[in-house]
Amino acid sequence: MKILVINPNSDPVMTDVIRKTAEQFAGGEFEVICKHTPGAPSFIDSYKDESRIAPGMIRLLTEHESEVDGFVIACQDDPNLDVMKELTPKPVVGIAEASMKIASMLGHRFSIVSTSRPSIPNHEVLARKYHLQDALTSVRAPGDEVKNLSEEEKFTATARAAIEEDMAEVIVLGCAGMADLAKRMQENLGVPVLDPVVCGLIIARGLIQVGVGTSKIGRYRPREV
Amino acid sequence: MKILVINPNSDPVMTDVIRKTAEQFAGGEFEVICKHTPGAPSFIDSYKDESRIAPGMIRLLTEHESEVDGFVIACQDDPNLDVMKELTPKPVVGIAEASMKIASMLGHRFSIVSTSRPSIPNHEVLARKYHLQDALTSVRAPGDEVKNLSEEEKFTATARAAIEEDMAEVIVLGCAGMADLAKRMQENLGVPVLDPVVCGLIIARGLIQVGVGTSKIGRYRPREV
Amino acid sequence: MKILVINPNSDPVMTDVIRKTAEQFAGGEFEVICKHTPGAPSFIDSYKDESRIAPGMIRLLTEHESEVDGFVIACQDDPNLDVMKELTPKPVVGIAEASMKIASMLGHRFSIVSTSRPSIPNHEVLARKYHLQDALTSVRAPGDEVKNLSEEEKFTATARAAIEEDMAEVIVLGCAGMADLAKRMQENLGVPVLDPVVCGLIIARGLIQVGVGTSKIGRYRPREV
Amino acid sequence: MKILVINPNSDPVMTDVIRKTAEQFAGGEFEVICKHTPGAPSFIDSYKDESRIAPGMIRLLTEHESEVDGFVIACQDDPNLDVMKELTPKPVVGIAEASMKIASMLGHRFSIVSTSRPSIPNHEVLARKYHLQDALTSVRAPGDEVKNLSEEEKFTATARAAIEEDMAEVIVLGCAGMADLAKRMQENLGVPVLDPVVCGLIIARGLIQVGVGTSKIGRYRPREV
Amino acid sequence: MKILVINPNSDPVMTDVIRKTAEQFAGGEFEVICKHTPGAPSFIDSYKDESRIAPGMIRLLTEHESEVDGFVIACQDDPNLDVMKELTPKPVVGIAEASMKIASMLGHRFSIVSTSRPSIPNHEVLARKYHLQDALTSVRAPGDEVKNLSEEEKFTATARAAIEEDMAEVIVLGCAGMADLAKRMQENLGVPVLDPVVCGLIIARGLIQVGVGTSKIGRYRPREV
Amino acid sequence: MKILVINPNSDPVMTDVIRKTAEQFAGGEFEVICKHTPGAPSFIDSYKDESRIAPGMIRLLTEHESEVDGFVIACQDDPNLDVMKELTPKPVVGIAEASMKIASMLGHRFSIVSTSRPSIPNHEVLARKYHLQDALTSVRAPGDEVKNLSEEEKFTATARAAIEEDMAEVIVLGCAGMADLAKRMQENLGVPVLDPVVCGLIIARGLIQVGVGTSKIGRYRPREV
């Protein structure tokens, strides 16, 4: 089994974090290829970014389609997920969709801890798209009051606020680049903390193994060229 | 890794189907124990059945907790899922919840093909509980018009009606005992057909592997004895 | 007319409060039998408790079915309500369902004042089950800041916060054992304060009187033994 | 205890049906006054009718307020319910709200059997207003195919279609004037059939007895004259 | 083209504000008649007010129907909107419905800035009626802490709180009489601020121009006299 | 005032239909520029098409931004609407969003008459995105049974089925290229038939006139280059 993990941005550091996470999860049982998107900006932060990276993402999918068994889109905005699902019968998993659906199985309500306040609306838009607006109790991002803390401390403090003030029972990390924080945050906070990349891999590996992919008869049907 | 798959009923044939499915999915990469529930009826069909099998299910969980890493409840009614989640910090996955959440990732709308018309309301109740009432286009069960067909033909005809009349893009099998039908139905129908037992295992294995379980701070918190 | 009011726990003091409330409501116009559940813990606080008391509750129902005309389950968690509805064509009323549905008729939004913070998720789960999540503005429980007050002062302060901060217009008491507080809290707060036991009796008595019970053709159909 | 049942139209026959129903329900245990609305048309069928009868309904409420303990608005459109709730702290119960909320306690889904097809949208509007759109499986009215049948046969046939085709488990009669049909239809159909007038009385009597009325601090607060 | 703008109250100052706003919007391209409602109170604040002004509003509609091409109801409570839609095939636009629907097109979530706290529930009721409860992040009204400020300062401060604390991206003014504030508040706040009267005119003028009005076959069908 | 109407595809015939519709609506009172999208396919039918036309649409917006006052995206899939809203503070109106929101103001429920069955899921996706899933009663497309009819007859027959079987009170045309059919279909069907291009222009012209555009502080905030 071989999975292509697409980092929609072009940041080599983030690609490395994602690759390391993915390979560690694969543990040699299946193969993971992790690619950043050619021509992409170093951070995906807007609908324009999403639009601009579509050709690169599609090229990655097309070039690797015969070689791999499925795809993971490794960005918490699930950029271009619908078009990627449309282009192949093989499984394509968005990490936002996967992590929110798994989070909703682990407790009454979950919160997303995001990198920055402006990204909050988009996480809410996705939660609604995936039918989970009532299971999402809040999206929070570190504010100015924690700006002098380390990344890990910032996100931990933000998650703690979600737990205490919004009654979040599960935390979903709001960025693919936070993968290495999940375990330690979980230990500190005492609640499940989901790294979305891993959530995407859980679903993708499973679907591939049982031979199930995207339905091709309706919303994601193939088109003649 | 070791997973206990609990068949909530006591039917040895169904337990065998489930075990075979589970072992085939595990493929030797992890261990699966499959147990029927002591004292359970041969088919779970009512709230009374659910209530009556709770002690047996709890006993199975308690007896195996130290030995296994997670649990799958292998019945499309997700009987006693909340109490099972409450009793252990280890992952407990209901196959109805897992299969509906995975189905919603593979197409616009899914249908559940159930064994009998009287079970329809309960599937709808669960879809709503899991926030997926808008992604579920119908629950269908074979009617009298197909009563002379084989099981496989019956469910295939019912699924086809869901596809054609309700615009279902994905089919979820409505019973743990249908596992061996999924592959052939998928080939015949040309849409993803989900065996719920396998869906449960996909999630359970993933959660175990990354060390995440049910949140224990709120809805499923542990209680002192 | 005779109604069996089942206290799902085994606390004799709470059973007495419930009985007194019920008898006062009945006022001699109909008969009320109030029973605690044999083998139940003194307080219902978990899914496990719910599961564990099912046999006792079922036994109470079965033993009294020929003798009484309907049932009230007197616990704000509505434990085992679905199975009880399934077991008899006679009316079975959960006090959570009855009190939330009545509350939604008396003002724009209601709050539930619960005994303890950990019980909050379950009240939210029930509000959603009964379609009233948008009519429920909050569930609140007394926090540490009021721990030195009397029970009545605590719940009154908590209700006042719901009125002022969450714009609650109606208060639903979150426990069957608070019955004797309702009247005084209503006077102090100037909003309707609903004792759930009485709400359950309002519905049960009415249904019995007009000869209507649970529908037995679908979700709660009887099963052959 | 004394309840004023307001028939929003001026049809003396329908007023008699409602009065008989109400008195039979009261059974001498409380007093029922049943009034038609002065200046109203003989049938309420439009927003204009609703608007036009408001002064008459308000006058009835005002004239009787000191004398009675609560009010029932006996029309399945719940005309002017909000203004009536606003004008008095005493309970005001709309029979549509009461019957739909009670119906949702007796089975998975209910249908409303209405007098005519054009009234269907308004029943749907009310179901949504009362948060019950997901519990309402259909509103049906007799069509041309049954026009030669008796009233009772018509509504029975319509209800049967709702049961068989829409999986309704409970039937709510769509007009206050159908009260005398409920019992026989229930016997014929084998599901609960709710007469809405009686549902309104169940709630009103209960609220009066326990001294609870409409919340006067928000949506229905009193205004200075 | 000629539009009748109905001010449901009788305040000549507010009527003048509305007329000025409407005429400025019309800019001579179409004709606007602006009328206060005969017999109405000077401020609409209750369901009773709504009921009481219905005859006057209906008379205005009837008297002008042959002369004008459409109607705008210029009050943020949309009083009697359904009956007005029912009485004519020509477009009738409520400014609450128009402004909320337009607001939802301009940003992720909007807030309504209302004149007083007691009016908050009704704005929420309307948002739900128009399917926009999830797009409405809050309704706010100036509290005591700003009581010494000018009207403009008050509403600006209230809107700012909605932006900062509720993440509102768009502000809808909660009263037809605030029209002259919209522009300056928009400049100060840096977000779209919608004057509802103008929103109503946008929709009404457009519908008239293309010859579309209220559907007369169902909910708003005409009735024989 | 000048509005750029962007036809997302490259079909000159459809561009002409749209231009004619737009100019007729503008009636010389404001200027309309109508452009097809360079490099686009002749028909937009997939997520891939949407992705592929983004650069052309963005270029059109960028090139004309200083010259025009607002934009209309003239395709019933609202392709790339979010990115277009993000790129300019000037109004950008999607005709799907505009037509559905206007439709919901004209009757109880509306149907979309689409060009082909495979496009149905996407219309449903958009209705949900715009919060109108409960106001949409159906999306229908002509089936094989009408394949020998003219375009106008096909869509009229399909709309009639929506009216009769789904109780649609308003029809929304499912394609920008159907503009010339709206008027005649409305006359034949006796219900409002909305041409979506015109709906988009109604909103765009209105927003421009009052100086309101997309909120730039949250979901559609500008980014530094």
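Order of writing sets the chain letters: A, B, C, D, E and F. Residues in each chain are counted from 1.
Keep this in mind: a residue touches a chain if its C-beta (ideal position, glycine included) is under 8 Å from a C-beta of that chain, and two chains touch if they have at least 3 such contacts.
Since the model is a prediction, treat every value here as computed from it, not as a measurement.
Graph distance from chain B to chain E, where chains that touch are one step apart, equals 2. The chain with its CA mean position farthest from that of chain B is E. The interface in B-F, A-B or D-E that matches C-D, meaning over half of the contact pairs are the same by residue number, belongs to A-B. Here B-C and C-E were compared by C-beta pairs in contact; the pair with more is B-C. Taking the CA centroid of chain F as reference, the farthest chain centroid is that of C. Note: centroid distance chain A to chain C, computed from Cα atoms, is 42 Å.
Per-chain CA centroids place chain C at a distance of 51 Å from chain F.
Multi-chain contact residues of chain E (touching two or more other chains) are listed as 108-109, 120-121, 125, 134, 167, 169, 218-220. Contact between chains, as defined at the top, is found for A-B, A-C, A-E, A-F, B-C, B-D, B-F, C-D, C-E, D-E, D-F, E-F. Contact residues of chain A toward chain E in the complex are 120-121, 124-125, 128, 133. Only residues 108-109, 134, 167, 169 of chain B touch chain F when the two sit together in their complex. The touching residues of chain C, counted against chain D in their complex, run 25, 29, 93, 97-98, 101-102, 104-109, 130-132, 134-135, 163, 167, 169-170, 183, 186, 190-195, 198-199, 201-203, 205-207, 209-220. Residues 45-48, 50-52, 54-55, 58, 80, 82-83, 85-87, 118, 120-122, 125, 129, 218-221, 223 of chain C are the ones that touch chain B when the two sit in their complex.
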